[in-house]
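Labels run A, B, C and D following the written order; every chain starts at residue 1.
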C-alpha cells in the first residue's frame, strides 16, 4: 500500500515539476487534443497549425503583449484520447496546475462543449476552432467563441442556394450517423423540400461502414442530378472508390468533410475532380495573409493544410494574437477585446456576436484540376462551379 | 469475529483517507483526478462482485455506465439531477436482471465475449435511437459543481468497497466464490446458483449506472460512442486483474496504480501508457493471477511458512 | 425490390463474404487446435494492411506480392508469440477452461500493445493507397481490379486450406487435434509441432488477408478490432473448430450483411452483426460447449 | 426414506436407466453395484437433481425430489460426492467445509452449522485444514468430497466411488469412516463402489444394475449368490 501512495506522490511531483516555471519570461499556452482514439486522425491538421504559429511568433521575437513587450511562447500539449471527459480534466490541469497564460482549443465539437464549463468556472477566455453545431448557440457567451461559419442551419440555406444555381432538381442524400452529419441532414431536408428539390434517395449509414455498394446501386438506379454525401473523411474515400466503381454520373457530387484534407486530392488524382465540399477558404484568393499561411504550411509540413481544420485553428490563433496585442494577458481585458474587436484573418475580417462568428459566410469548395477553389458564395468565388464529368 | 479484518479495513480506510485529503490540496486538478479515481474504484468494485467473486468475467461492464448516463440525459430537466442519476442506476440494474437470465447461462470465455458483444450491441442500439430521435450528442448545461460531483463519486467508491467487504462476509459471497470454483459442485451443496448469479449481476450493475450518470454530469455532454466506449470495460478488467479481484483490496490497489500511472504517462506519452497497460494485463494474467493483493499474500505466506513446511 | 437482383450487389456480397471467411479461418484454426481465443486476430489483419501500404508506397510493390510478405511477417509474429508465451501455457496442467479464459485476456493485452506500438510507429492517421484500381467490366457489373483479386485469392486460399487439411498428413494431424485433443497425444501425433504450425498458419492467413483488405479500405492502427468481432461471429455461426463450416458462414454473413443493409438501412449493420452474435451465443450455448459436455 | 420409482433416463437414443425402483430404508447403508456404464452415477445425478429423469420419480419421505434443482434437493437434506472429484480448488480445505456448512439442508440445529472441526476430524482432514484443496492428494480430495457433502447436514449421503484408486489400508480407513458417519450422525448412506469386498462388508442392502436395469436387490449375501448377478456382473468382470 505504501508503494501506491508513493506512486501517487511521485505522479503529483512530476505534474508539479512539469508545471514549475522553467522560463518565467515565456508565455505558456496550453491545449488538449486527440492524439489517440477515435478522432486522432483529424488532429494533426490542427496541431500543425498551432506549431507553425508558435514558430512564427517566436521568429518574430515573441508574442506582442498589450503593445508593451514581446515574449516567446511555449506550447503545452496533452492528449485527451478523443475523450471529452479527459479534455475537461486537462483544461483544469492547464489552468490550475500548469498555470498557463493562454488556452488554445481542442479538436471537435464535443470537446469544445465539455470544456466550456471549465472555462466558465475559471473565467478563462478561449477561442474555439474545430467545432460546429447549432447547440453552440446555447452556450453562455463570455469565455468561449466559435470561428466556424459552417453551422448546420446556415449550411442548409447555402447548400440550397448552390444547388439552385447549379440547376440541380433532384438529389440523393447519404448521411453518416455521426453528429455533424446528422445535424446537417436535419436542417437540409426541410430546406430542400421548401426549394422544390426532390430527394430520390435518403440513406443513413454508420461511421464504420465498410461497403457502400448497396446504397450506391440504389442511387444509380434513381439517377439524381446531385449526390449530397454528408460524410466524414473515411467514408468520403469509400464514396469515391465505390461511386467510381458503380459509375455514379450525377453532375453535382458533394462530400461534407474529407476532400479539404491535403492527402485526399493526392490519392485520387483526377478521379476526385469536380467533387464539392464544405469550406470557405482557399489560397487562390487575393488575401495576402492567406497566401503566406499556405506557403509557410506547405513548406514546413510538405503537404497542404486542411482547408477546414487547419484553417479554423489558424484563424483562432490569429484572433488570439491580435486580442493579446491589444489587451495583454489579463483575462477580463482579453475577454473584452475578443468580444468587441474585429480581427484580420485568412478568411477575412472576423467579429463575434455572442459566441458566434458574425461575419464569415458559409461557403463551399470544389476540386478543380487537383486544386480547391471557393465556388460559393459567388462574391467570394475563386472559380465558378463546374459540373462533375466522369471519374477519369 | 473482529469488527473488521486488516484486508477489509485497508481498502475502506484508504478510500476514506484519499477522499479526505485531496480537497485539502486546494486545486480543481486534484479534485478532478480524485473524481476519476473514485469512479474507477466504484466500477472495479462492482465488477469484482460478478467477475471476481463469481468468476463470470465481464468484458462489457461499460454497458451499465452507458445506460446510467443515457437515462440521466433522457430525464434531464424532467426530474431533479440526483433522481436522474438514481434512475440511471436502477435502469442499469434492471437491464442486468432482464438480460442476466439468458446471458449467465453462458460460461467461461463465451461469457466474456458475449458481454463484450452485448455492450457493443447496446451502444449501436442507443446510437440508432438517438438518430431516430434526431439527437446528435446532447449538451447538459448547468450540472452540479465539481466539488459536489467529487463527494458523490467518493461516496460511490466507498459504497462499492463496503459492498464487496459485506458481500464477502455474507452467505451470498460464499456462494459466489463456490460458483467461481465449481458451479456444479456449488449447486449440489445447496447454493442457489441461478438466483445468486442473477442477483450479483444486477448488484454489479447498480453502481456503474450511477457512475455513468456522474461521468456525463462531469463532461456535460453525452454521445453514445463515448458513453459506451469499450476501452472503459477494458480498463476495469485490467485494474481488477492488476490489483487482484478476490476481495475489496484489489480494485482499490488496481485503480490507484493505474490512475497514478496514467497521470504520469498518458497526457504526454499516451501510446506508451496503453502499451504498458496491455503488457501489465498479459504479465499479471501469466505470472500473478491474483494481482498485487495476491503478491502481498504470497509474500506473507512465504514469510510465515517454516522452511520445508 | 429490383435492387436485390443487381449483379453489382451480389458480387459485393461475395467479396465481403470471402474476406470474412479467410479472416475467420485463421482464428478458427488457432481456436480449434489449441482452444486459444485470439482476440488480437484483427490486429494481424492491420499489420498485413500496413505491410501492403509501405511496400507499395516506398517500393511500388504490387499488393499481390506484398501479401506474401505480410503473411510471412504475421507468421513470424505468430511464431514469436507461440514459442515465447503460449507453448508453456499449453504444456502446463491447467484445465482447458482456465487456458481459454486466460488466453482471451492475454490476447486482449497483446492486441492493445500491437495497436499502440503501430500508432507510435506510424501515427494514428489513417492511410489509403490506390493500387490495382483499374475498373474491370463483367457484363453489367463493374468492379475494381483490387477487389477481384481479393475475391480470387480468398476463395482460392480457403479452398486450398480445406484440401490441405483433408489430404495431407500434417493436415490430418491438425484435424485430429481439433477433434480429439487428448487422444491425439496418445496416438503419437507431435502435438507441439502441429500446434506451432497451426498458430503460425493462423497468423499468416490474417496478415495475408490484411493486405487484400488494406487495398480497398482505410488503414489505421485501430482498424483490426471490427475484423476480430466479425471473425468471432463467423466461427460461432459455422461452428467453433469447424473450418469448412466457417468458410461457408463467412459467405452467409457477407450475404446477410449486404442484403440486410440493402433491404433496411446501413445504420443497422452493427446492430445486425452483434444481434446475430448474441443470439447464436445465447440460444446455442449447448452447441458451443458440446465438446466439453462430452467429457 | 428415499423411494426411487420406475426411473428411466435416455441420452439421445441410448437408454442409461430403465424402470429402476427401490426404497432406501432410514439409517441404512445402501450399496449400488454394477459394471461401468451400468447407470449408477446417472442414478445419483438424478436423485441429486443434477439430471432430470426421462420418466419416473424420486421421493424423499413425502417430498417429491424430481424436478427440483440441485440446491433445493440439497436443502431437503440430500448430499452427494462426485466420482471425479470437484473440490473448490482455490479454497482451503477448511473453507471448502465452511462454505458447505452455510448452505445445504435447511432444518439444522444452529450448533451443527459451526461443526467444521468435527467434520474435518471425522474425515481425517484435520491435519491439512489450511491447505488449498487443489494441493491435496487424490485420497485426500476424495475425503474432502465426503467432508463437504457431510457439511451440508444431509439426512441422505450419496457416496460415488470414494474408495476407487485407494490403497487397501486407505480403503479400510474409509470403511471405518462411513460406519462412523452413520453411527455418530444417524445419516443414511447410499454408496456406489467398484471395490466389491468393501461394498459387501458395508451395506445392509444392495441393488445391482446392469445396462440400466435392476437385476437383483436384497441383503449382500443373498445378492452375491444370485445367478443373474454372477453371470452378468462377476462373470464378465473376471
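Throughout what follows, contacts are C-beta pairs under 8 Å (C-beta built on N, C-alpha and C of every residue); 3 or more make two chains touch, one makes a residue touch a chain.
Keep in mind that this is a model prediction, so the values were computed, not measured.
Taken together, chain A and chain C share the touching chains B. Taking B-C and B-D together, the pair of chains sharing more C-beta contacts is B-C. In terms of the distance between Cα centroids, chain D is separated most widely from A.
Separating the centre of chain B from that of chain C, both taken as means of CA atoms, is a distance of 32 Å.
Separation between the centroids of chain B and chain D, computed from CA atoms only, is 42 Å. A straight line joining the Cα centres of chain C and chain D is 48 Å long.
Centre-to-centre separation of chain A and chain D, using mean CA positions: 74 Å. In chain C, 116, 119, 267, 270 are the positions where the chain touches two or more neighbouring chains simultaneously. Residue positions of chain B touching 2 or more other chains, listed in rising order: 124, 127, 131, 271, 274.
Counting only residues that touch two or more partner chains, chain A has 35-37, 177, 204, 206. Judged by the touch criterion defined above, the protein chains form a pattern that is neither an open path, a ring nor a star, and not fully connected either.
This structure has the following touching chain pairs: A-B, A-C, B-C, B-D. Remark: chain D residues 48, 50, 69-71, 74-75, 79-80, 82, 86-91, 98-100, 102-105, 148-149, 151-152 touch chain B in the complex. By the touch rule above, chain C contacts chain A in their complex via residues 2-3, 6, 8-9, 12, 16, 116, 119, 123-126, 128-130, 133, 135, 142-144, 147, 216-218, 220, 226, 258-259, 261-262, 265-267, 269-270.
Interface residues of chain A facing chain C in the complex, by the touch rule stated above, are 35-37, 40-41, 44, 177, 203-206, 208-215, 217-218, 221, 233-234, 237-238, 241, 244-247, 267-269. Contact residues on chain B toward chain A in their complex (touch as defined above): 10, 14, 27-30, 32-33, 36, 124, 127, 131, 134, 136-137, 139, 141, 143, 145-146, 215, 218-221, 223, 225-226, 229, 231, 253, 256-257, 259-261, 263-264, 266-268, 270-271, 274.
Contact residues of chain A toward chain B in the complex are 1, 4, 7-8, 10-12, 14-15, 35-38, 78-79, 81, 83-85, 88-90, 92-93, 95-97, 109-110, 113-114, 116-118, 121-122, 133, 135, 138-140, 177-180, 182-183, 186, 204, 206-207.
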